[in-house]
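You will see two complexes here that share chain A, one where it goes with chain B and one where it goes with chain C.
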Partner chain A sequence: MDLLFLFEWIDTSMLAEISKAYGGVFAVVQTFHLGAMVLLGGMILVGDLRLLNITMSDIPAPVVLKNTERWVGYALVAIVLSGIFMMSAVAIKLYYNVFFLSKMVGLFMGVCFFYLIRKPLLNGDHSELNPWSIKIIAVTSILIWFSVAASGRWIGFS
Partner chain B sequence: MNKKLLERMSVLVSVAIVVGWGIFWGTQVVAVQEMLKLAYG
Partner chain C sequence: MLNQLLFDLALWLDAQQWSTDLHESYYVYNWVESTHVLTLIIFLGMLVVIDLRMLGYIFKDVPVSKVAERLDKPMMFGFAVMVVTGFLLYYAIPVRTTTSIWFRIKVVLLIAAGINALLLRNITKQENLSWDNDPVPPRRVRISGGLSIAFWAGVIMTGRMIAYDWWDCHKAMPGFMYWAAGCVNELAELD
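And then the complex of A and B:
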């Protein structure tokens, strides 16, 4: 499916006019985008490292997950909203950028993995789960989100 | 959904993602090296 029309529409939208004309506004939104990414990455990593018994092993894993998952949701909303604004400034360029596509696919996978697998399975008591199942889920989660972050960084190099 | 079934499916999906990730980046080693060279010299 060709999504060029969507990128062209964003490129000519009022949002794009603002993001292209006001560098200061772009910079402020970018700050929120980066802050939200730090929050998301931090919360994911805290939860996953706890599942791997590397950090905070004195606190039960379900407690750590319960307290971090809420912030992942807030961070995702902030990332998507600020990301749409930022991409509107260079929409056509991003359409042809393979790392942007890679980042979006990774983000979609990460969100699906988080809300369809990690959250429903690991909410509640972990005693009935195989410890290796928990570990493979934590490693997969780290891999997915690392790929999203790396692809995002690579957009800047390409 | 039954928790045991969800656990099995989760492990299956996770293993598929990890293996796919490894195969994909395994085929991209040269490309990644070139890009790191371009980025950092």
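And then the complex of A and C:
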């Protein structure tokens, strides 16, 4: 399905008028985006590093995951809202940008992986799970979110 | 005096071939910058967890010292790589960075964040962590945690703003701004 119409609609929206006209507002929103990324990255990493027994190994993994999961949700909301605003400034350009597409696919995969696999699977008793499955979940999670952050950074270079 | 010294240092770095090569290499420069941002996520991501614990928002059942100690290694790893890549980014574009008002504010905020961390370290030593198990630590600890988040948010913001040329030396600005940004040539012209 061609989504060009969606990008064209965003490009002519009121949001785009603001993001294109006020460079200062855009820069501040960009900062929020980066801050939310830090929050998301921190919470995901702490959880995944615990699952890999690299850090916090004397704190039960379910306790670490329970504490960090709520903040992942907050960060994702902030990332998506600030991201839509930033996208509106260069919507048509982003439609043709391969790194943007890569980031969006990664983000979609990351959200699905987090809410449909990582969270439901690891909210139960970990002793019932194969330890390797837990490690594979953690590594997959890190790789997905790394790809989102890296491709997001490369949007600016392309 | 200090402005001239920093400007001369920047000119000396800028004259080196490696600085030019790094700046002009599409892949190396962009990967250094990407690594800087990605390790910033590791360092600040860990730090924000510790700060939120000090504010009493997260890991309320886990002692503050335990959270801080366990996250110290990945945090310092991120910090080390971030510092190295940060120096490389400065080395690649020394003159413009030295005369960027945003870069200067960023350095001030980095120093402020460092002082705040040292002060907190002193508080914890003096009080022997009597509040370590409290779900919500005392007010002074929460203030320190809040300040840490605020300073680092400022570092992110000013770091991001360096890319914008709103107050670069070639723009018309009040004399104070030329001084604050270290635009020595423009200041000399004003005199």
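Odds and ends about this structure:
What we mean here is this: the second predicted complex is superposed on the first by the 158 of 158 C-alpha atoms of A that agree within 3 Å, B and C clash if a C-alpha of one lies under 4 Å from a C-alpha of the other, contacts with A are read in each partner's own complex, and residues count from 1 in each chain.
Convention: a residue touches a chain if its C-beta (ideal position, glycine included) is under 8 Å from a C-beta of that chain, and two chains touch if they have at least 3 such contacts.
Remember, it's a predicted structure, so these values are computed and weren't measured experimentally.
In the superposition on chain A, contact is made by A:E128 with chain B only, not with chain C.
Residue contacts after overlaying the shared chain place A:P120 against chain B, while chain C stays out of touching range. Among chain B and chain C, the chain that touches a larger number of residues in chain A is C. When the two complexes are overlaid on their common chain A, residue A:S102 makes contact with neither chain B nor chain C. Of the two partner chains placed by superposition, A:S13 touches none, neither chain B nor chain C.
Of the two partner chains placed around the shared chain by superposition, chain C is the only one that A:M43 touches, whereas chain B remains out of contact. Residues common to the contacts of chain A with chain B and with chain C across the two structures: 154, 157. Within the complex, the chain A residues that touch chain C are 23, 27-28, 30-31, 34-35, 37-39, 41-43, 45-46, 49, 54-59, 63, 67-68, 71, 146, 149-150, 153-154, 157. Taken together, the chain C residues at the contact with chain A in this complex read 26, 30, 33-34, 37-38, 40-42, 44-49, 52, 58-59, 61-62, 66-67, 70-71, 73-74, 153, 156-157, 160-161, 164, 166.
On the side of chain B, the complex with chain A involves touching residues 1, 3, 6-7, 9-11, 13-15, 17-18, 21, 35, 38-39.
Within the complex, the chain A residues that touch chain B are 109, 113, 117, 120-121, 128-130, 133, 136-137, 139-140, 143-144, 147, 154, 157-158.
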